[in-house]
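Listed below are the structures to be examined.
Both complexes shown next keep subunit A, but they swap its partner, so subunit B is in the first and subunit C is in the second.
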Partner chain A sequence: MLKVENLSVNFGGVRALQDVSFEVQTHEVLGLVGPNGAGKTTSFNVLSGTVRPTAGSVTYEGHDILKSSMHQRVTFGIGRTFQIPQPMHELSVRENLIVAQRFGRPDGKVKQERIDEILESVNLLHKAEADAATELALTERKALEVAKALATEPTLLMLDEVLAGLETTSKKLFMQTLKNIREKYSLSMIVIEHDIETIMNMCDRVVVFNFGKVIADGDPEETFRNPEVVRSYTGEVPA
Partner chain B sequence: MNIKISALMLGVMYLGVPFFLGDNDYLIGLVASALIIAGVAVAWALLGNLGGMVSFGHAAFFGVGAYTSAVLTMDYGVPVFVALVVGGVGASLSSIFMMPALRLRGPYFALAILAYAEIFKILATEATGLTGGAGGLLSIPSLPVFAGVDFGTKLGGYIVILNIVTLMLITYYFIRRSSYGLALKAMHDSELATRIVGVPATYLKVVMLLVSAFMTGAVGAFNAHYINFLEPDYAFSGTWTVFPIVAAIFGGYRTLSGPVLGALFIYLVDQLVFKNLIPQGHQLILGVMLAGMIILSPSGLLPVITNLFTRKKADNKRGEAQHA
Partner chain C sequence: MELTAQAIFTGLLMGGFYGLVAVGLALVFGTMKVINLAHGELVLLAAYIAYAVESQTGINPLLAMPIAMAVVIAASLITFYLTNKIKKDRELNSLILTFGLGIVLTNGLLMVFSADIYSTQSAWFMEGLVIADSLFSMRSEMLAFVVGLCALGGLYWWLNHTWHGRAIRSVSSNRDAAKLMGMNPTKAELWSWAIAGVLAALAGVMLYVTSVIHPPIGHSLTIKAFIITVLAGMGSIPGVLVGALMIGVIEGLTTTFFQSSLSELASMTVFLLVLLVMPSGLFGKKAGH
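For the complex of A and B:
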């Protein structure tokens, strides 16, 4: 359903992505891993439209999305979260989801029951009327990040390190929440995550980035036995 | 709270001002002039509050509205009240030229729009056939008699500009509480967050620019028929940008009635107090007042008033609780 082909991104002299290709099948959960600065977030930025690639193509369910605006891509069903949560300022948690429904859904309909259901599913219902930018703890900010994306009713949900920075218990709970959400809304997902255990637990397949290139793509267990992958993780420069 | 203050303010403006000042042409004229500033201030604040666009170019919309309406009434015999609306439309059309500037962020948008405003002033000066050039347009028709009321008087003009400002506030209020308003409010500080959930941010900014330009143009058109005279240096004067900005920030540009209260306060204090004390350069005091307000209450006068009210209420409640 998602097909990324030969994507390259340059920032001045920095080659953030070089000839990157990967696919995501319907209902698949793909893990994106790799050291800091490998180009994982940049791939999300290209897919969601905040960064224009220098070369390559991306199709999603038949749409050539690089030609589409950011808001069109949302209505095609691509939703994402940011590594650093981006709540809509000056709005309550509920209003954040109202805006996401109103503008993110193709029909633009706001359904309160659906909003409550989403808030419930990420354990945020008790904070529905809280100010999104100032009254949430870290876990809640991350939950809102997911809830906003869900409110646009995506078919592909891209999560950028939503579990990072959480302590072990909340991390476990949140991971279970994500798995439930995936079942409930039968989503495809791309998950950026550093924690190998989390990737093993959540993902059907994994793509490994290093220095802007894909160095491995396959079954998580096999991939993490690949010596090149292990080397990239321990921080050595590939030969 | 905010809406109560707006209602109270409008009540005073509709009943109190005509009742107490109605037969003093000088004072009612001053309040009407303050409302002209207020109208532009509301339009400017709408653009700044919803969408986060800071404009240094509202004088262009004011001038285009003024000239559109003046020329239509003088050369084409269009009725004045119709021409006021078309003046707004003219200003909206002129804003289309500025839309490329919406791609710029923050100060660059503000400066680009300032440059556009200067270009419009130059064009108006050069287009002598239409605008009378630097010599100006004389004897622009006054506001007419309508439904038996002579709106050409000072009091009549006051009622018209008050109606215009009220309509603007009502429009602003409904935009703000719509889902578009929610998205626009969020765009002020978190545009990326809105775009990523599907908000067509640029489109919403375009709409706000059209609305704000329309409002400013209508006020400019009103002014032309109120003072019956136009020249480019006056109609496109930077004063029509600076005064409303000072008023809006002073009153609270993120609130509904703040810009109106700010304009009334700033303009009346300037004209009634400082102008008498310091005939030359009295506007300097405005800069000092603005600086003082920004230091004491960065969100402006209205939040200070609101706080006073709510504190009193809280005190009352505490009192009641003690009595119970």
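For the complex of A and C:
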């Protein structure tokens, strides 16, 4: 479905990504993990189009997406959330989704029933008419971020630390919501997350980053027993 | 009392026109974060087109509107094209670019029309209107006020009820998030510059029928539009109306009770005082919002 091959990104002298390769299969949930600055969000930025890679290729369902602009990738079926929620100011929760549907779907059709269904899936239906920027709590803003991406009818949803900052109960509820969404809309997902429990709970496979390189790729339980992965988390610089 | 009421009335009429001049600049700033320092010159270009049509054909200058719109939209889109070519520090570098374009336009008008002062030859615009038995205005002032209010109201409606309008608001709110919702921000920006061109053309023709025109006033119009845009809260359309009416009334009162040469000083003083208390302007979003 998604194939990332030999991706490299340099920011001046800093090599943010070095020869990174991984794949995501249909209906798979892939976790991207690793310490801060390891290259997880940079990978997201390349996939969504906010960062241009220095080398490498990315294909999504046959499209060479590196040749496409950010908004075109949305119409290919790639949805993304930001770590810090980015609602549209001066638009209600419902309007945020209407705009996402109108511009993010290839046919541009707005379906109110689908919007209500999405809002219900993320527990935001009761806040549909609220101002998105000023009247939502943190969990609700994160839910809106997911809902906006869902409104574009993605086949691959990329979630950037969507559970970060939530307290334990909200985190568990939100995780369940994400699992339900995955089932309901038959989505593939890429999840960036620091919380190991979340990764174990949600992901079919993990890719571990350290210093811009992929150091492990496989089943979550096995991968977290890998000595090199343990070393990357305990702060030791790999040889 | 009557004098005060007349001063406020005249100020409100002026404010409606100022709003029409400023709103195009506010729209473009809201969408693209570019301050178009050639905006006043685009308004003036439309005014000269109205003059040229009236002087060459003898027809009502209002009928020059389609030509003025076509030319000013084209000029506005050329400005957009050039601004969009700036890849680094666009907010800052576009100031130099648009300021330069303003100078080119002013000098172009000077070459073609000379430095002479022109105003409409149609007496209809200068005829008086009496409202509520005591308030006086020229027909042209009332016309410019009504056109200004309708343009601002129409723009507000368009931004809130059409897809292109919603796209402009979304890009204005958060460019990257808008892209992730499948929007092409360049298309939204193109629309905002085209609409700014329409508004500048309307303002220019109204300028010609209400006042006198000569090449240097383009720069003054830009400054006036910029002050109103900042006072409003950058990019706010309701703010533009309130800010423009406020500036108009202050100028009207100063001209009536002191002298006209102090009117800009007074409006600038109030502008600075408002910014001192409300740094984001009357309707601006607080930093970090």
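Everything below uses one rule, namely that the second predicted complex is superposed on the first by the 239 of 239 C-alpha atoms of A that agree within 3 Å, B and C clash if a C-alpha of one lies under 4 Å from a C-alpha of the other, contacts with A are read in each partner's own complex, and residues count from 1 in each chain.
To be clear about the criterion, a residue touches a chain if its C-beta (ideal position, glycine included) is under 8 Å from a C-beta of that chain, and two chains touch if they have at least 3 such contacts.
These figures come from a predicted structure and were not determined experimentally.
With subunit A as the common reference, the superposed partners subunit B and subunit C clash. Of the two partner chains placed around the shared chain by superposition, subunit B and subunit C are both touched by A:104. Touch criterion not met for A:60: it reaches neither subunit B nor subunit C. Comparing which residues of subunit A touch subunit B with which touch subunit C, the overlap comprises 48, 50, 69-71, 74-75, 79-80, 82, 86-91, 95, 98-100, 102-105, 133, 148-149, 151-152. Listing the residues of subunit A that touch subunit B in their complex gives 48, 50, 69-71, 74-75, 79-80, 82, 86-91, 95-96, 98-100, 102-105, 110, 133, 148-149, 151-152.
Remark: subunit B residues 179, 182-183, 185-186, 188-190, 192-201 touch subunit A in the complex. On the subunit C side of its complex with subunit A, the touching residues are 163, 166-167, 169-170, 173-174, 176-185, 285, 289. For subunit A in complex with subunit C, the residues that touch the partner chain are 48-50, 69-71, 74-75, 79-80, 82, 86-91, 95, 98-100, 102-105, 133, 148-149, 151-152.
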